[in-house]
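One chain, subunit A, links the two complexes that follow: it is found with subunit B in the first and with subunit C in the second.
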Partner chain A sequence: MAKKASSKREITRRDFVKMTGIAGMAAAATGIEGILVSRQAPVYAQERSLHFLLWKNFSPPADVEILRQGEEWGKQSKVKVKIEQINANDIPARAAAAIESKQGPDIIQFFHNWQNQYGNSLVDVTDICTGLESKYGGYIDYCKADAMLGGRFTAVPHTVVPNIYVVRASYMKAAGTTNWPKTWDELRREGKKWKAKGHPIGQTVGHTFGDAVDFTYPYLWSFGAAERDEKGKVVIASKETLEALKFFKVLWDDAMDPAGAGWDDSSNNRSFLSGAITATNNAPSIYLTASNQVILDEKGAPLVNDILHVPNPAGPAGVFHYHYSQQLAIPKYSNNVEAAKEFIGWLMEKDQFTKYLRRGQAYQAAALKVYMQDAMWDMFPALKPYRDHLLEGQHVGWRGSADANAARVVQNYVLIDMLANLATGKMTPEESLKWGEGQLKSIYGA
Partner chain B sequence: MSKESHPDQLTVVSSNGRRKAALALLERPNVLGYLLMMPAAFIILFFVAYPFGWGVWMSLTNKQIGMPWSQVKFTGLKNYVDLVTKDGIFWTTVRNSFVYTGIATVIKWALGIWLALLLNRMVRFQRIVRAAVLLPWIVPTVLSAIAFLWIFDPDFSVINWTLRHFYGWMGWGHVRGPLWLADPTLALASVTFVNIWRGTPFYAISFLAGLQTINPELYEAAAIDGASGWQRFWHVTLPGIRPITVVVLVFSIIVTFSDFQIVYVLTRGGPANSTHLFATYAYQVAMVGSRLGLGAAVSLFMFPVLALVIVFQLVYLRREQA
Partner chain C sequence: MVRRAVGETFAKRLLVYHLPLFFFVLFALFPFYWMLVTSLKSTRETYNRQVNPYIPVACATTVVAQVHSLHFNGAAIMDNCFYHWRTLLRDTLFVRWLENTLFVAIVSTFISLFAGITAAYALARLNFRGADTLGVLIFITYLVPPTLLFIPLSDVIGNLPVLHRSLLNSPWALIVTYPTFLIPFCTWLLTGYFRTIPKELEEAAMIDGATRIQAMIRIVLPLALPGVLSAGMFAFTLSANEFLYALIFIYDASNKTVPVGVVSELIKGDVFYWGELMSGALLGSVPVALIYSFFVEHYVAGMTGAVKG
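Coming up: the complex of A and B.
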């Protein structure tokens, strides 16, 4: 009897705790081998999730594609992918709150070099980037510079939003302008005629993330101005900058729409599409909207047929452009670093990335140079000028490095406000230069 | 039968004793008072005092977003000194905040009283009109600000559209209309207008409540004494609503001074920093520009002003009670 009872002994609560405890310790000690031996995936592997924060794209089909790709990869990898899209102007504050509270998205899309403000809180993704470089060739220089801090990648260079001038050919011709101006001075002279005809140049110098930076930085660079030199010294107080400011005041008053001082990134699109302005520095979104929505001009013809894409005019130091880079960063607080790396690596594979760019209708270019030869540009031939001037950009903070303080200068709109001070008549060029130098020295601690 | 108590009975007796003692303790006003006050004290301590103390501490450091606490250095008053001596935007922000709050408060007060007097006299559709008046106050600020973003658009503004058509109709030629958010003065005036539009209903309804507490006999007596309408307003109405005016004004000044949403949606502090208020500039410096210490210093600069306003209110209310 006793023997029988012993063999059929019921498992007591104490036994259960003991056994599961030992099993748990064994699993912890043996790690992946223990899981393989047990031939059962751990429960947490089925509960992996990934939260990806990015902007609401100016080319909506790109959003459709990224959502589809997230779903596809999620199914393949058994990861629940949550893709959250917000206004680009709100990303910095969202990221800041997440970084500081150490909770939030596992992947965050940053623009310019925003992420370098919190470089130490981001996962080093040099392994992914060098892997992609060796597989696909190099990155565009400024994309790489914007994504690096202290010799390591703080984010994976993803896309570039290129910016050149978008022009209404018929308005230009109606004012007697036969060719797009090659210099800023020519632009002022011709723009004065356009303004007289009721269609000025539209340009924001307001507090907004894209267009204001895209115009201000290359404009100042083209006069030989820079916020810092190669050694990091603040050198904004130069005769080149003063010259640029003085000329901007004349350019603004003669040829530009005064409403631009209060515009955000979408205002010039609306203004152009409604026939209020002749030219504006912008990404391909104006063309794509005109094309996709089949917007008609005053004569009832498709507006796209009247749109030209042309480079920035040259200043005394040459032609400069600023195309803002977009990169994907993984905060260190993430519990899903490996999944995030896998997902980014998968997104950057040629199959996915080509679809993303093409579905976006060439609104964004790729940070990897190889995609400049992609057939996408033949699919959207009107946008080829964006590709042709893609390599003429510089990184934020140029001639210095694209470090955290260079990002703060962008985020505090310092250079933009130096122009806005003139546009709004608040300051003279000399006063605005002095004001800007003070702001830069305050940020750079010089 | 033993006369010894059963153990259960002992428990009951001692339990009853503790209950009575506890009840007696609760009967003492100072004990009960503190107990009742504890939840509120807890909330104030953890949700007001703690963040405030944390903010003060942060403003005395070089803390940046993502900076490990091991690297955070105590910098004393450096952030405050830097703001005052090196930061041109800060002084623009100070000026804007006082102009914005001052103008908005005075106009909201005047419109609020005017509206309250009208509503107090209204007999028909009283409830519907009172509910309608409250609408701007009820609608989420961000939503109404987005509507105003369209209203103030230089090309698609309904105001400018009306002006254009009016000029055309009158044969006065083409006019574009004001650049509401592109001109520094107009931009500050525009955000102030939106604040007035949103805040006036709060004043009006509060003053209306105050008006209804004034004894009608006072007006009758004043009328019999030959007081004019203005004199009745000055000597009866205004003194009658003075207590509520002080409370409303103090509350409104604090809320207006720390306003954020209207400016953030309409201008983000632009053009050329012409509409930055303390809250929007602190947000730009700390949350967007990642300099938490400096941002905390910006937001704490308004504390002494608001503290003075609160002290004034407390002194006034105590005097009224006395």
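Coming up: the complex of A and C.
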């Protein structure tokens, strides 16, 4: 895309060296007269700046660390680094405005594969990614798939927020459940007992970027349902999807909290921490809040001692998880592409990245597989199940590719709404499937 | 002073006026009470379903104990009652956000009122062709949602036509943007209001030698003051609460307004810092509540027309 004309002439590093060379030689050889002869003012180092937009991390120490690292790199590289943090749900609007108006941050953090909607407006960062892969080993497959479009990297895979089930052990036991259900049907059966005791399963099917996607996608996959096949054809209208939808209606009515239809990402955390629900699909945030803020249970004991982390139940097609990836993209409008690349490369070096992950208390895992062996997991042993199921995820749009349309399906909450239609009683499973197929076909055009 | 109609009993007044009013006041004030109570609870207490949710138990216990013992311990009060308030005011830029919000809201309200008054007067009094259609068209622009406009507007704000300057990341980005929805609203409200003022009053002034501008300033505007205040209050409230443009156009934490600053700083991933959020929401609503309470009579008059028959 053509670069926008700007009234300000940017000085690249090459220009800078050339001009300082000429002016320096002129000054050294001829003094002030030489400068006048060269008709070029002496050039002093122009302060470069870098604007990095990312989410406000759940884990405040991770924010402290990224700000510190920005400052450290800025001093080393003589670049003024501005790190701006906003609520994750607000990033799509900021990114859309920045990319459409070709002004704004030099680096933007994207979730899922959101950035692929702007693939042509993003700098190809394949060189950074292949360099990191050859140095540290490979990426987790779905992180790589989410960060690529048409055979090139549109963003550098950075971190993953893993999601499995978080459970109150005492509530399960009180209802007579001895082990975490292995299948969705067992979960429905046991969940019915929990609901009867006043502590149902809490699950959002609302329009929210994290928990709704993290539950819906693997749930449908575990029944053998998919948006598209490997060739990109929409195949949602299958008997597997219909079975998943029919079962979800029963699961919802029997075992789930009906309020979940309108929940956002924070609602299940709040419900769990206040003792309203037995289980919910979530990132490590519930555990970390209970631990860091010393939340107590009904008996006055620390709640963390009553929390279990367990995998998703299996469907007819097996066990699936969805852990949302986070990646760093550089828009083409940036005047600081080289500095942005240098900064991202530096952030991903082991020294910096290990500190970032550890300060974040294992809330995020790394997109590079090598960090699954990091000592961080021994520092937070209760969170090890997140690591153990990290490789069981898939990318958005699976079995098709994680292209721009797959990102649109996520951002329009199409699959989530297919479940929400059932939860709210708005449609029957057959109607919801037909509606969802129509939505997917209009997005994918096939 | 309470006026009592002839034959009106206390029971009747209680049933017809006081009881409904009591429930209405309870309903209206409950959100403020809930914000206050949540801001005074510890996070642990907020999540504890075993205690009474309508009372900040730890805070109340501390205060009662100190009153009984007549021993004031400020540190204990601070820890048990005002912990979230301290965090909000000390560890975030809330005061700065409040200043930014007031600055942006006041300036954009004045700009919008000036433009709205002049436009509305012209539409109501100068009988030019297409005045009615123009009035409707101006109001329709108010109905265009910001979600459609923020992308093209960010292009305009980032490279102002003629000046070739970027206003991004400056409060002026909001001050020039907010009138895009405030002026149509003020114009629509004031056009209707000016039409309720009899023309004859101005015409009498003009017969006595006043120019049209003088007649407008000296005769119409004083009569239209309730309407102007209503439009001003609406404009102030709309701009103080605006979220999307403030989110898109402002980058630095120190330049943010309250709605964006509070959400950016106090919602972290999927965890909401309820105590600080409620303190911020309560404090952020105080200026608007104060303005409404000072001008409520004018506001009511503004909604019902200028000159009563």
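Just so it is clear, the second predicted complex is superposed on the first by the 400 of 446 C-alpha atoms of A that agree within 3 Å, B and C clash if a C-alpha of one lies under 4 Å from a C-alpha of the other, contacts with A are read in each partner's own complex, and residues count from 1 in each chain.
The rule we apply is simple: a contact is a pair of C-beta atoms (placed from the backbone, for glycine too) under 8 Å apart; a residue touches a chain by one contact, two chains touch by 3 or more.
Computed from a predicted model, the values in this text were never measured in an experiment.
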Subunit C versus subunit B on the shared subunit A, clash or fit after superposition: clash
Touching partner for A:Lys426 - first (subunit B), second (subunit C), both, neither: first
Which superposed partner A:Glu100 touches (first subunit B, second subunit C, both, neither): both
Contacts of A:Gly260 with subunit B and subunit C, given as first, second, both or neither: first
Partner chain(s) touched by A:Arg359 [first = subunit B, second = subunit C, both, neither]: neither
Contacts of A:Ser274 with subunit B and subunit C, given as first, second, both or neither: both
Touched partner set for A:Gly210, first subunit B, second subunit C, both or neither: second
Segment of subunit B that clashes with subunit C, given the candidates 131-139, 149-157 or 221-229: 131-139
Overlap of the subunit B and subunit C footprints on subunit A, listed as residue numbers: 93, 96-97, 100, 270, 274, 276
Touch list for subunit C against partner subunit A, complex: 43-44, 46-50, 150-151, 154-155, 158-159, 164, 166, 168, 244, 247-248, 251-253, 263-265, 267-272
Residue numbers on subunit A that touch subunit C, as the complex places them: 4, 7, 51, 55-60, 63, 82, 84-88, 90, 93-94, 96-98, 100-105, 161, 210-211, 265-266, 269-270, 273-276, 282-283, 285, 289, 293-296, 298, 363
Residue ranges of subunit A touching subunit B (in the complex, touch as defined): 89, 92-93, 96-97, 99-100, 117-121, 198, 205-208, 258-264, 267, 270-271, 274, 276, 404, 407-408, 411-413, 417, 420-421, 423-426, 435, 438-439, 441-442
Subunit A-facing residues of subunit B, complex: 64-68, 82, 86-89, 153-156, 174, 179-184, 187, 267-274, 283-292
